[in-house]
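Each of the next two complexes has chain A plus one more chain, namely chain B in the first and chain C in the second.
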Partner chain A sequence: MTPQARMLLWSAIRHIVLLAGALVMLTPFIWMVSTASKPQTEIFSSDLHLIPYHFALWDNLRIAFAKADLWRYLLNGLIVTTSIFGLQVLVALPAAYALAKLRFLGRDVLFALVVFCILIPPQATAIPVFLLLHKLGVLDSYAALVLPFTISVFGIFLMRQFFKTVPDDLIDAARMDGISEFGIVWRVMLPTAIPAVTAFGIFSVVAHWNDYFWPLIVLNSEHLQTPPLAVAHFRNNEAGTNYGPLMAAAMVIIAPLVIAFLFAQRRFIEGITLTGIK
Partner chain B sequence: MAEIEIRALRKAFDGAEVLKGVDLTIQDGEFISLVGPSGCGKSTLLRVIAGLEPQSSGEVRIDGVSADGVRPSARNLAMVFQSYALYPHLSVFDNIAVPLRMKRLSALERAPFVGRLMPGRRRAERVIRDDVERVAEQLEISPLLKRKPGQLSGGQRQRVAVGRAIVRQPRAFLFDEPLSNLDAKLRVHMRAEIAQLHRQLKTTFIYVTHDQAEAMTMSGRIAVMIGGELIQVGAPAAVYDDPCDIRVAEFVGTPKINAFPGRIRSDGRLEMLGHVLHMATPALEGECRICVRPERIELASHGLLSGTVVHLENLGSEAFVHIGCAGTDAPVVARVNDPSQLPAIGATIGYGFAPEAVRAFDADGKRIVTSLPSRVERPREMAVV
Partner chain C sequence: MSDAATALQGMAMAPRVPARVFAGFRRAGRSQAAYALAAPAFMLMLLMLIGPLAGVIALSFTDYQLGAPAFSWIGLSNYREMFADRVFWISLKNTLTYVAIVVPGAVALGLGVALLIQSGAGLKSWYRTVYFLPVMATLIAMAIVWEFMLHPQFGLVNGLLRAAGLQGHSWLQDRGTALYSLCVIGIWQATGFNMVLFLAGLVSIPKHLYDAAEIDGAEGAWSRFRLVTWPMLGPVTLFVVAISAIRSFQVFDTVQVLTKGGPSKSSEVLIYTMYTEGFEFFRSGYGAAVTVVFLAFVLLLTVLKSALGNREVHYA
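Up next, the complex of A and B:
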């Protein structure tokens, strides 16, 4: 076997393995799209087929939008995720800057505590946080959805690790130029950390857009519900689950994430390279 | 324009003392270089002067006023960093404009969106634009103003960093090894430019470098720092020719000064490698080091000493001959002005030096006075004779 042929074979094997992996990941989505496009009769027919005989996506979407106020849920999702992300950045960046670049007594202990906090599962603190929100009287409101997530220890950790790589000279130059410490965070560190902030944003938005657990606990009012709860609506129907519109609604609520990711992907990969510093 | 005084300055990091009591007065408009091997504390000293690092004790006075507790920007000093430290997300124009905007615009005027609506902002921005363009012209970077630092070469970034420093017309400039990241040719070129800049601005320049050639060629005075202490301060020629400590003698000058082990005899004469030199000293009997610069070593077939040639360095205009010699740790280096007259490697060669070329240091490394023996009359010597 010539070296070229071996290279080709190896590259073929690599692609087959990757394609198989991608297929495993994509199958549920493909099935969702397929089911959303089928009329009720085909969904419950005994033969399995991916391509529907009668294309019923538009009908299913129409039923989905008629049955529940999907726009409202999407708007709720947008309000909640952007508020959470905005507040997380507002807290995480100054905290990460202090932990990465300022020298003060107990800094290492504080950072160890931050890392320790990552280990605590959110379910463990759910009841105390719920009781706290109850005492504050903010249950069943946007505040109940947003407030518990404003301090993201993961965000602080991620940004701190990134800030560590920013040269001290840049910060000293900013100090010489007369920029205050908070000014350094927003005018110097934030622009250089855009790739890290984007990465964190993807994690945060995906996690809170898809969160089912917390909104289910703190919400009663229908008009505040987030997209995952909306999907549950279709399931809870007494007349039996109507899978076509359910899948169509699921498509609608993941669409913003997919579109946002496709836009952020380039930014995510390109980032702002730090070549200007060194 | 500022006179900077440093008094009994000490700085310790986690118990390790980096600056051990530094005293230095820098005259208004002077170009002084802080030079020393890496880790000697010269950058720390610069950062203390800049206000980026608080001192453990001692005082920094700028124009007679104590700068303790004064924020870096309020000291009105400008600093050029080794890594240039340009803001990567801002254009060259904005990089240079940052210190002016911070100084001349209020917080409200600087705010995004709202700032544009403020009445004074437009006029202030116009003045800033003029200032930045004037500096860019001076440094010949006008065509680069719209670019980002990432799109510039090392030399161009260096100019932008200098531009950011001079645009605010500071009282003094602090340079922290600004040429270390440039290639050798550009470095020599930028040396001349920085020296020219100093002649033009006539402001105080404090220049930190580990490269003694940079310090020697650019500055009016050099301050040699070793191990957190200021060992010698003086004009480059004086420090080179008349070092007060063996560490200074060895640090300043390339190739390094030749150091021979020697002895001070009881009659005050100097002795090295079994030869008694035609020199005397009032210092006490004991071990000493006898040092001679490479250009003062003369190759001669019947020199005082002899050894074998182990290595040749021909630089074209001059050459260095390394002579392996019994009794010395490192080869003796001699400069030959005419590279066409080089001996062969492995050849045995004689060499010597004039008594005036000798700089002798005692066992502690301190300089000892030497002179021709006829001038030093010591009672003890008379008794022996």
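Up next, the complex of A and C:
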């Protein structure tokens, strides 16, 4: 076989294997859209077909939105994820700046604590944090969803590493201009750190949009439900009778992140795999 | 950046007189500022992480139940009860089984996909996007899709099996297959994540090593992989294994929504046990003891990961 032929053969094998794998990866998504587009009678039939004979996606979406206040849940998701991210930045950036650029007694201890706290898995602190929120009387509220996550030790660590690379001259110059240390964080450090903050933002928003464990524990009221909780609730209510609208609801819940991901894949992949680097 | 530019300009124009006398004074002020800047983060860390961590360990030695007016220290009773409980051992065994299946599966597939993607030029970013999609999509929503795909009567999986002349199965309702079905979902979800980590590792292998291997007579894809890629990827692989193991230990979402640990405890896992004890029966003390066991496993893996993560890569 000539080298060219071998290259061609290898390339063909590569594509065949990867396409087969890609099909497996995509099957749940394809089947979700397909089922969401079928009327009840086609879903409950043993005749398997991908393209519905009767296109019922709009009907199923209408039923899903009528049975569950999906707009409300999407809004809840937006409120919770943006509040968490906003507060995380507000808390983490000043601390990261102090750890990276200021000298003070106890700095190394504080940094060691940050590194230690990164090791704590979120489920491990669930019971005491739940009891704390119970004592504060804020269970079953937005505060219960947001408060425990206002501190992101990983965010502090990440931003501190980034700030380390910012030249001291820049900070000294700002001080000469009479900018306070607090002002330096927001007017000098933040603008230089936009790429790192963006990556962290994607990491944070995706994690909390998709989180099921914590909302499940602290929420009771239906109107506060976040998207994952809402879709699980929808499923429990319909208990295997209404798959079309259920799949339509699942589509709506995953749509915002998936669409954002398709538009900015590189940034998303970078942001989500940040956990791998920590 | 414009702020920085003006700041630099300001420095150039500032008179170079600022007296040395004020330097010490200013430094003291700066250290006060540092405390003010770090204080909110420090307080929240104590309140939401370190305090609760100490709390969960302390709680595990009490008989506290949510809403009870009082509690007492009962020493190791929770642990004694736990170690005598059949459900705890089933739960631990299932968790370890889940980890033992999902980790090799997702790591091997992630590596395979990464190698295949990297070995050619066509459709690279398209493949990467597709394989990463399950990582992005809300797991709960996709778990519900999987549930319907695994539906005994109208599911896609059994439909395809029947079309191929094979017997269908009640995947999630059968105690013999429930846990393994969850493992498949776990692998489906984790493969793309591992793939991206491997891709990053592959890109960082210096190209001249392949050239050198070729000069030394390493021909063909397999010897290039054996002599260069695999040794260079070693640290990354150990790292990916540790991360996958930590993530698999935390399995909860699919269990809670699809099987509730059943049928007859066949898919009960540690975090689910903790959830039912701590948040359904409100036995905070006992739930805390289960958490401590989980924590021990995860911390062990994390320490292992950090040790590996810090290890230098040798290019010799």
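Just so it is clear, the second predicted complex is superposed on the first by the 221 of 278 C-alpha atoms of A that agree within 3 Å, B and C clash if a C-alpha of one lies under 4 Å from a C-alpha of the other, contacts with A are read in each partner's own complex, and residues count from 1 in each chain.
Methods note: a residue touches a chain if its C-beta (ideal position, glycine included) is under 8 Å from a C-beta of that chain, and two chains touch if they have at least 3 such contacts.
Just so it is clear, the model here is predicted, and its values are computed rather than measured.
Using the contact criterion defined above for the overlaid structures, shared-chain residue A:A264 touches neither chain B nor chain C, since it reaches no partner.
Judged by the touch definition given at the top, the superposed model places A:D172 against both chain B and chain C. Measured by the number of chain A residues touched, the leading partner among chain B and chain C is C.
When the two structures are aligned on the shared chain, A:M25 is found in touch with chain C, with no touch to chain B. When the shared chain is aligned, chain B and chain C each come close enough to touch A:V188.
Applying the stated contact rule after C-alpha superposition, one finds that A:L78 touches neither chain B nor chain C.
Contacts of A:L246 after superposition: chain C is touched, whereas chain B is not reached. The interface of chain A with chain B overlaps its interface with chain C at residues 169-170, 172-174, 176-177, 179, 188, 191-192, 272-273, 275-276. Those residues of chain B that touch chain A in the shared complex are 47, 50, 52, 71-74, 77-79, 81-90, 98-99, 102-103, 148-150, 152, 157, 164, 181. Those residues of chain A that touch chain B in the complex are listed here as 167, 169-170, 172-179, 188, 191-192, 194, 272-278. Across the interface of their complex, chain C is touched by residues 10-11, 14-15, 17-18, 21-22, 24-29, 31-32, 35, 43-46, 48, 90-92, 94-95, 97-99, 102-105, 107, 110, 113-114, 117, 119-121, 123-132, 134, 147-148, 150-151, 153, 156, 169-170, 172-174, 176-177, 179-182, 185, 187-188, 191-192, 206, 209-210, 212-213, 216-217, 227-229, 231-232, 235, 240, 243, 246-247, 250, 253-254, 257-258, 261-262, 265, 268-269, 272-273, 275-276 of chain A. Those residues of chain C that touch chain A in the complex are listed here as 1-4, 6-8, 10-11, 14, 18, 27, 30-31, 33-38, 40-42, 44-45, 47-53, 55-56, 59, 66, 109, 113, 116-117, 119-120, 122-123, 125, 127-142, 144-149, 151, 153-154, 156, 159-160, 162-163, 188, 191-193, 196-197, 200, 221, 239-240, 243, 246, 250, 252-253, 256-257, 271, 274-275, 278-279, 284, 287-288, 291, 294-295, 298-299, 302-303, 306.
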